[in-house]
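Note that chain A is present in both complexes that follow, paired respectively with chain B and with chain C.
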Partner chain A sequence: MTLPSATAVPGGRASSRRGSRAAGRERPAGSSATAGYFFVALYVGLLGLLGVAPVVYAIYLALSNSGGFGSSFVDAFKDYRFVPAFEHILAFMLIWLISQTILVVGLTLMLHTLAQRVGAVFRFLFYIPGALAGAASVVVWLFMLDPTASPFAFVLHWLGYAQFNNAIAPGNLSTIFAIMAFWTGAGGWIVVMYGALNNIPHELLESAQIDGANAFKTAFFIKLPLIRKWIVYMLVLSFAGGTQLFVEPTVLGSAALGVGVSKYWSPNQLAWFVASQYDNFAEAAALSVVLLVLGLFVAAVLVWRGRLFEAE
Partner chain B sequence: MAFPRRHALQLVGIAVLLLFTAFFFVPIVWLFLAPTKTDGQLLTQSPFAFGSFHTLGQTFHRIVTYGGHSMLIWLKNSAIYSVGGTALAVLAAIPAGYGLALTHFIGRKALLSITLVVMIMPATALVLPLFLEINKLGLYGTIWSLILPFGFFPFGVYLTYIYFSSTIPKDLLAAARIDGASEWSVFRFIALPLARPIVSLVGFFAFVASWNNFFLPFVMTYDNSQYPVQIGLQQLIGSTASFNPTNFTAGSSIVVLHRPDLAMAVIIAIAPVLIVFLFAQRALVSGMLAGATKE
Partner chain C sequence: MKSYLSPRFRALALSVAVVAVVAVTAGGSSASVRSASTKASSPPLVVWYDAARAAYVSEYKATHPHANIKWVLYSGDSNGDGTLQSKFALYNRVGWKAGVAPDVVFDEENYEAGWLGEPPFNDLLDLSKYIPKSVYSKDEGLGDCMINGKLLCLRNDNAANVLWVDTKLWSQFFPNQAPPTTWAQYASDGQALVKSHPGYYIGEFGQPWDAETYLWGNECPLNQAIGNSVLLDNPNSPNCTTIAHLIDSARDAFTKDGPFTTAWVNDKTAQHMVMDIGAIWQGGAIYPSGSGSEGPGTNVMEAYPPPVATNGAHVTGSIGGGLWMVTSHSKQPKAAAALVQYMVTSPKIQANPKITQGLPAYAPDQDAWLTSLDGVFANPKATEAAIKQAAGEIWTGWSPVPWSVESIFGNSVTPGLVAGGSFTSALQTLAGNIKSAAQSAGWQVKSKK
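And then the complex of A and B:
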């Protein structure tokens, strides 16, 4: 799954930082504005061409449909595939976000009670699947879901799946994509959460211990509240990424036995489908604008309300 | 036997950790053992049995030569797109992060905020709008349809901004300016030599993100000669008998692949990223935690 790892860019800043004063509230001696423009020029060019322009163009395409102002949005909403696609990712996200939150937080708290070195080994093992983000992880899970070859065959048999196509039946897809997403993304989040836990002052944990708190109480009443911000951050970022689901259903669907995976299982797939099959760029643009607004909204809320990031 | 509750809980904890270790790591172990076996052995032998080096060699040969050395073409394409995109990302991000951290200009704060928003927003949200735009610009089917978007890397700008604003004292730059150094010399001779760690960090993240990207090349490429290895993997599933049995009717001329071949292909496809992961783990973790570290 590319989503969590591709978007897992936690440069979040939990604590105040020495550098906040450094980053130029007053005009630095002798530096000229022209120099500043020169240094950011190439990046601003790319931002304009590949960040802003495509968004503006997609909105323009979506609105300038021959059917009248906004008609392509109406087309998109009335498309019989629209609601199922959103239902699919909603189910996927419910399973994924709930289990990821519980398991990542639980595993991190458990690892934090182990000796530093032992914990490091576990974190590394959990983290490695992140290297397979994308199509590779889907292929790996094709194998894992094949009862004839999988090392988890006993689990599949226990669940009553004797054939590959039983395992990837349409009703299982949301769960399967959630497993894939968790497999590639959870390790990275555990590393992040563990880092956040290490920021908790040692004296605080020590005094809790002196006051008679056991490992459980310390975890729930001291550690957990202190990493709450990071849990919210993980949830929000995963939510934004989850709406964009594309690789997993597309790659799984290319196994012909996965007949249950439609070509418009997720909204992004649907947008690509109407663009590539019907040349209906207006509806595709409208769909992508809907998804874009979702992602943009979440990101903006996090930046301006969450105060997780250092933007002065 | 009366077992202290504390110990019982510890045992449960260890059991849970081992269970998840199996979940995360067994698929990787299996993946690396699969190409040492034939498809038949895959079904009959233990999932963790090692086949033979001879079979491994045969599997490797079969997948590399498959489809007129398609695998090598895809790897070459992946390298071009990822290295090109990474070079552009570093070239744009390092000066931009420096400019945002250590110079002053109107619009600096706005640019920083926009960078944060675009960085948090899932990159996949831009793929279809990018496709529509690239199509309009006539760049569809060229390497620029991938290199340019890969080179636009706001996360790298943010990392560099954090790095420069926390590692280089402004007084140092001010002193250099008083000594008569131009803005460019300050950047070139003071900031850049100190920036080596951040250059490799941004380069690493940009490379991994480009190499593993599926959605963008999926919409931007349309021909085998253009596919990067991620799209190639998807193509190979179609040629794998156990996943697509109907593609192989009697007398068909398509070369049939089997599960060990596909597993080998996955290993080859992820090798560059995996190697970087293994060797750059420390840098990687520090990057993921950028700014989260203690005072």
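And then the complex of A and C:
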């Protein structure tokens, strides 16, 4: 899953950022431009090797099936595991993206009204669960969800789950993975959003205050519209990461000793399953291409609707 | 947060971070690359074995000190984790390089020869050309290996199901009565137990291998290959419905916890099992006292013959055990087959219960192994006779196929059963899911012969 920790945090207070920008503009082209090209070339090289080349190979594999042009896509769509896998991921995304967006933005706006030092402590606290990413977070949740071992067993018993198998019943899985993903990612996004809020010029907030806006009005009518692009950015990355859900259901499934979580719960797992268990790399590639198209489409809509690339 | 770094330094730091992230991501996928052995001029024989077979390897090394073999420990494909399928699929793409790709493989899943040896894999060697019939015909349970006329594996141990009875609890709860010999008696004993001693059990129910216990053991034709890629899948057969109905009639007498869960150990469930239908190896694996299993001790456990099927047939199911297979890409098929033959037949390995935990599949080694049970279980002579009887009664109509019934059962049936659904209604769900999996694997599915 894509983690916000790998993304750049919008830096510094407005004044210092503007300062460095100005300094960059003043700098003559020459040597720094060469260094710029060098580093961009490095990135483009790696992007080609590890990003574009696999995509091209996947499209080639998907189209070069022995059954005829495009037959691997027909196989994928007709696969009896295809629709359930996308239903699972759809339910997961709805729960996760909505709760993440509301809670991350809400918490950050609240944190931003606190004193700098208190806010920093909370940001750190929120970030801690994010340190347990991927498989490690699943292992923690295995204990949390087992009524015979969990420190929150009373909650599970109250919900009517006497056994681990009750807790991970198929109807609960989308919610469980959404909760896992939320705790893994939310802390990092709160840090990102907080950085974005710090970019809002002080004068703007001060003038809002002078005009009589209270904390709520400032948050809702001034701050929120100004970090809209960062919210869209979070949605784009989260959507791409979320549709590729793989580690969580795989680890949970093997830890449950084959009960409840199927090996093709998510589309990405299904792609792995048909490739590795039935030697059908063409159908797996077709599924990957479907995921890629879906991710690109949603990203395009979000970028366009959210006006992400428009200059300020 | 004020930045003290120059823009150029920041750009450098950022690129280093990006490269590091990419390197870490890429590194993860190459972790399974192994270094090839280069000491010998000809490539070594590569043998993949599981942890439970480590003692076999030491024994083989002791008796064959000069053998040029690369031993590779792997998961054994336990719980059908699919390791073999995924590795084989990759070798099929990149080529089976001698000395790197496996020649011999030990597999814990007893249906997988029908998966790896058939299309689209076709990766297993027909051993009948390399191992004499006089040898393999004495290997019991070959229904898992003899597929479309090809001998694709040898069975390591016989994992037939028997009726394990806790003699102490039995004589306490059912004085003056013998343990059940039919499924009907088994169910009625369960009903009686629920009334008189709630909290004690006659078996486990809701585990992925339930189909292999109750359906396989009653000749239920849900997973029966009746031709090349033709499956008989009939949940309406009386052989299926009668057993499901009997199990449902005594459901409260079954624990929902499997023997490999934390709940099983925490609740000392093994000490509450009055009886249990389970594989031969379960006697020594689940019931020992102390240690992690918290059982009553093997000395109170006695094996009885499995219940007679509701149609009167003397049959039983089989859970686990293991297979030795040779890959069809091996450059040294003779040496590989000889190693497999040694592992399966050598009395040094198979007749020694410290090395082989289940009943040897190879009949000539069975008596010596059984004698070694003296002093382990209650009434050793009766236990040894029951085990030997069950070993010869495995029904051959539950076929090795390219899908995992355990996996289907665990994912599609167990959740409903755990939530209180009936086995009778679950039969249709199970049959429907087996049908989908079979059709998706290119099989034709019939509901009548």
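Some observations on this one:
Heads up, the rule we're going with is that the second predicted complex is superposed on the first by the 242 of 312 C-alpha atoms of A that agree within 3 Å, B and C clash if a C-alpha of one lies under 4 Å from a C-alpha of the other, contacts with A are read in each partner's own complex, and residues count from 1 in each chain.
One rule holds for everything that comes next: contacts are C-beta pairs under 8 Å (C-beta built on N, C-alpha and C of every residue); 3 or more make two chains touch, one makes a residue touch a chain.
What you see is a predicted model, and the numbers here were worked out from it, not measured in a lab.
When the two complexes are overlaid on their common chain A, residue A:262 makes contact with chain C while staying clear of chain B. Of the two partner chains placed around the shared chain by superposition, chain B and chain C are both touched by A:254.
In the superposition on chain A, A:279 contacts chain C only, with no contact to chain B. With both structures placed on the common chain, the touch criterion links A:149 to chain B and to chain C. In the superposed model, A:36 lies in contact with both chain B and chain C. Of the two partner chains, both chain B and chain C are touched by A:46. Which of chain B and chain C touches more residues of chain A is settled by the count: it is B.
In the superposed model, A:170 makes contact with chain C only, not with chain B. According to the touch criterion, the shared surface of chain A, contacted by chain B in one complex and chain C in the other, consists of residues 6, 8, 11-13, 16, 23-24, 27, 32, 35-36, 39, 42-43, 46, 50, 146, 148-149, 164, 195, 198, 254, 256-257, 275-276, 281.
Against chain A, the residues of chain B that register as touching in their complex are 13, 16-17, 20-21, 23-31, 34, 42-43, 47-48, 88, 91-93, 95-96, 98-106, 108-109, 111-133, 136, 148-149, 151-152, 154-155, 157-159, 161-162, 165-166, 169-170, 173-174, 177-178, 183-184, 187, 205, 208-209, 212-215, 218-219, 230-231, 233-234, 237-238, 240, 242-247, 259, 262-263, 265-266, 269-270, 273-274, 277, 281, 285, 288-295. For chain C in complex with chain A, the residues that touch the partner chain are 1-3, 7-8, 11-12, 14-15, 18-19, 21-22, 25-26, 79-82, 85-86, 88-90, 92-93, 120-121, 206-208, 256-258, 260-263, 266, 402, 406-407, 410-412, 414-415, 418-419, 436, 439-441.
Note for the complex: chain A touches chain C at residues 6, 8, 11-13, 16, 20, 23-24, 27, 32, 35-36, 39, 42-43, 46, 50, 79-81, 146, 148-149, 163-166, 169-170, 195, 198, 254, 256-263, 273, 275-281.
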